[in-house]
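The data blocks that follow each hold one structure.
You will see chain A twice below: alongside chain B first, and alongside chain C after that.
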Partner chain A sequence: MTDRLTELREEIYKILPEVDGVIALKKGPSAIVAPYLFVKEAADDLQKLAVWPKEPVPDTLKIIQRAHPEARLAIVVRGCEERGLVEMSKHSQVDLDKVTLIGLACTAEEADICRCTKPAPTHAKIVIGERVEGTVDRLTDDFTAKSLEEKLAFWKQEYSHCIKCYGCRNICPQCFCNVCTLEDEKWVETGRLPLPQPSMYHLIRSMHMTAKCVACRECEETCPAGIPLSIQFRLIARDVKQMYGYETGENLDQQPPQLLVLEEGEYERTGLPH
Partner chain B sequence: MYEPKIIGFLCNWCSYRGADTAGMARLKYATNVKVVRVPCSGRISPELVLRTFREGADGVMVLGCHIGDCHYGTGNHRTAKRMPILKKLLEYNGIDPERLYINWVSAAEGEKFATVIDEFTDKIRAMTPFEEVMK
Partner chain C sequence: MINYHNVLTTCPYCGTGCALHLQVLDDQLVGVLPAKEHVIAQGGLCIKGWNAHAFVNHKDRLKTPLIKKNGIFMEATWDEALDLIASRLAAIKAESGPDSVAVLSSAKCTNEENYLLQKFTRAVIGTNNVDHCARL
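What follows is the complex of A and B.
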């Protein structure tokens, strides 16, 4: 891991004079790792560069670009974060034309922790670290083998821990609406815990993550109750791929399927009546 | 035998007219479906369907124009893209996806309307009431 860190640091040193800043992770005073904007005026900060734990850098890029639309930035991204940026750019949240991507390949252990199937960036020209094969997402695969009753019992159990802190929504780089349905009393009732079933909060959030979730697992990481939220996002991502041939976060030119009309042969794959 | 509560979202231009046609032809069909007229089946957001279940409906029907016949051109394409995902989501959450029914009924298809309503009502009647499942 040290090798990858040194290599990344050298790469950032190299690129720093050409750009206004580089977004990467930095160790804070109390060993907390957080996204940080490295600039050439304070290049010594790079001594505190970090690569793990994973923190949501795409959001940092969005915030900085909002305040400084002209800034030329570079950003260190993992596979998932790069996919996230691709989706965000399709929804006009970031401007990738003004950004240099520095790829960071995850190690096999990191991929294991995230149950990640695609742990390396594909768009970035430079990729630091060795590309590893993705792991098999056992948790999600095992979930699909459950019966309907077992699935219901599984989520009843998991959602009973939910304190509706909105942490999963707040951390999600893909959740950027100005007006959030989850705050509307019409759809999500307030002040009831444990969540009444079926949980409007989680179902609506899952539905809104269709063709947007890139399986970065930030929501699970931040959840104080440890709910394996990404299971259904990942399953829906598989369905979207199967029905509409849309691979979330892969291709910059492919438009999200909800924004387009049905194409030849698509209707047959949805399983709707003829 | 319990009588299921079913909410039917019918598009104004085709399915709702289809219901009228069924009525004018004096066709008999189950009265369990409570009809909500909407401008287009594309108006039915997933939130609406979920809340209908949340309020205690045993089944939800979404009926719209046939693909290609939408009054607004491509409104029902949205339905056809959204609802299959919602069905999958219901399944992943342990709710029988069969409780959500999507079909296309045109203004002339009074008979199809009556058949669709009867079949769906029978299917839901054979299931456990939704409130009991969720308990």
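What follows is the complex of A and C.
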């Protein structure tokens, strides 16, 4: 059996002559991995192709497409990254018509690291690697089992570690507003640490991620304070699904609830599940 | 041909030594990405590191030395600036002694540059008044 990296490299070699570039990961100095645009003029770079650790590649696509809206591109995507692109396309941040998706199935070990319930792409016509079952997100389950008081104490404790680096916002491919509320003095006071409780920074961000966050965990991975941010986002995604029947990142045709003009009877409010 | 790549470098803002990636699109610096596998940064950055690209092409960035003449900062050449610094430091040392001068170094410099500056302070100026911006 060919390994996943070799198989992916062969697939990119195949597609490279047909496109202006393929977004994937490349090993740099000290074998440190970063997103890269592979082009046919420098196909040998593919010797340095990498698959792990995952990077916020949907954002890379956005950056390149903004400068080159006509470019024909391909991108290697995991399940979460593909879901991210689905949401970004609905919010006009990427143009998927000009993009070929090369799917990459996560290994069981990778799914385990991410506590991922859906570790494979579903839209990409080609998927490299064997699809594995999603894992149980024990951290979120443990949180859900807590009482309301315990939940409050949990987040107060976690948010008290925040150093306000804005890394969770900066790395998030779904955070694309030109004017960011988190930079508004009215809500988030410059230079104030520790954050006042309740933390408006984190509460505003959770609300703004509603029906957008696809649980890629980039925010959690970049957090210098180790705050398990994906717990809150996964529970919000669960609520959005229960309240509006909207599965974040799944279906290209389904309009996200916040983009619709709500008409009476269009949605039946089922109430909060907790 | 479209060119997008990341350049691995060290954050210039303090002495911790976090690595970060500078995102380059068509020879233009467009942003910062953390380096997940770097032994010090481990994929995290502080707010300064996240903005480490911002000053590079900033319109307010100083590109030449400025010398204050009649209360107004005027652009000058490096030769003019260094001549002025040397003559003023020599004059102050002659008038008030070497301990009337203090030198403040920077975490943005390399180890070697910092070594050089303390050597200059002690051997040329003749004072132990040397400190560093990282003593926060």
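Observations
By our rule, the second predicted complex is superposed on the first by the 259 of 274 C-alpha atoms of A that agree within 3 Å, B and C clash if a C-alpha of one lies under 4 Å from a C-alpha of the other, contacts with A are read in each partner's own complex, and residues count from 1 in each chain.
Methods note: a residue touches a chain if its C-beta (ideal position, glycine included) is under 8 Å from a C-beta of that chain, and two chains touch if they have at least 3 such contacts.
Remember, it's a predicted structure, so these values are computed and weren't measured experimentally.
Once chain A is used to superpose the two complexes, chain B occupies space next to chain C without a clash. In the superposed model, A:177 lies in contact with neither chain B nor chain C.
In the superposed model, A:136 makes contact with neither chain B nor chain C.
By the touch criterion defined above, A:252 reaches neither chain B nor chain C.
By the touch criterion defined above, A:210 reaches chain B but does not reach chain C.
When the two structures are aligned on the shared chain, A:67 is found in touch with chain C, with no touch to chain B.
The superposition-derived angle at chain A (between chain B and chain C) is 100°, Cα centres, a multiple of 10.
When both complexes are overlaid on chain A, the residue A:236 reaches chain B alone and has no touch with chain C.
Of all C-alpha pairs linking chain B and chain C after the chain A fit, the shortest spans 23 Å.
In the superposition on chain A, no residue of chain A contacts both chain B and chain C. Contact residues on chain A toward chain B in their complex (touch as defined above): 143, 148-156, 181, 186-187, 196-198, 200, 202-204, 206-207, 210, 231-232, 235-236, 239-240, 243-244, 257-258, 261-262, 267, 270-273. Contacts from chain B toward chain A in the complex involve residues 46-47, 50-51, 53-54, 67, 74, 77-78, 80-89, 91-96, 102-104, 133-134. Per the touch definition, chain A reaches chain C in the complex via residues 20-21, 23, 26, 28-37, 39, 41, 53, 55-56, 60, 63-64, 67-68, 71, 163-167, 170-171, 221-224. Residue ranges of chain C in contact with chain A, taken from their complex: 1-6, 8, 19, 21, 23, 25-26, 30-38, 43-47, 49-50.
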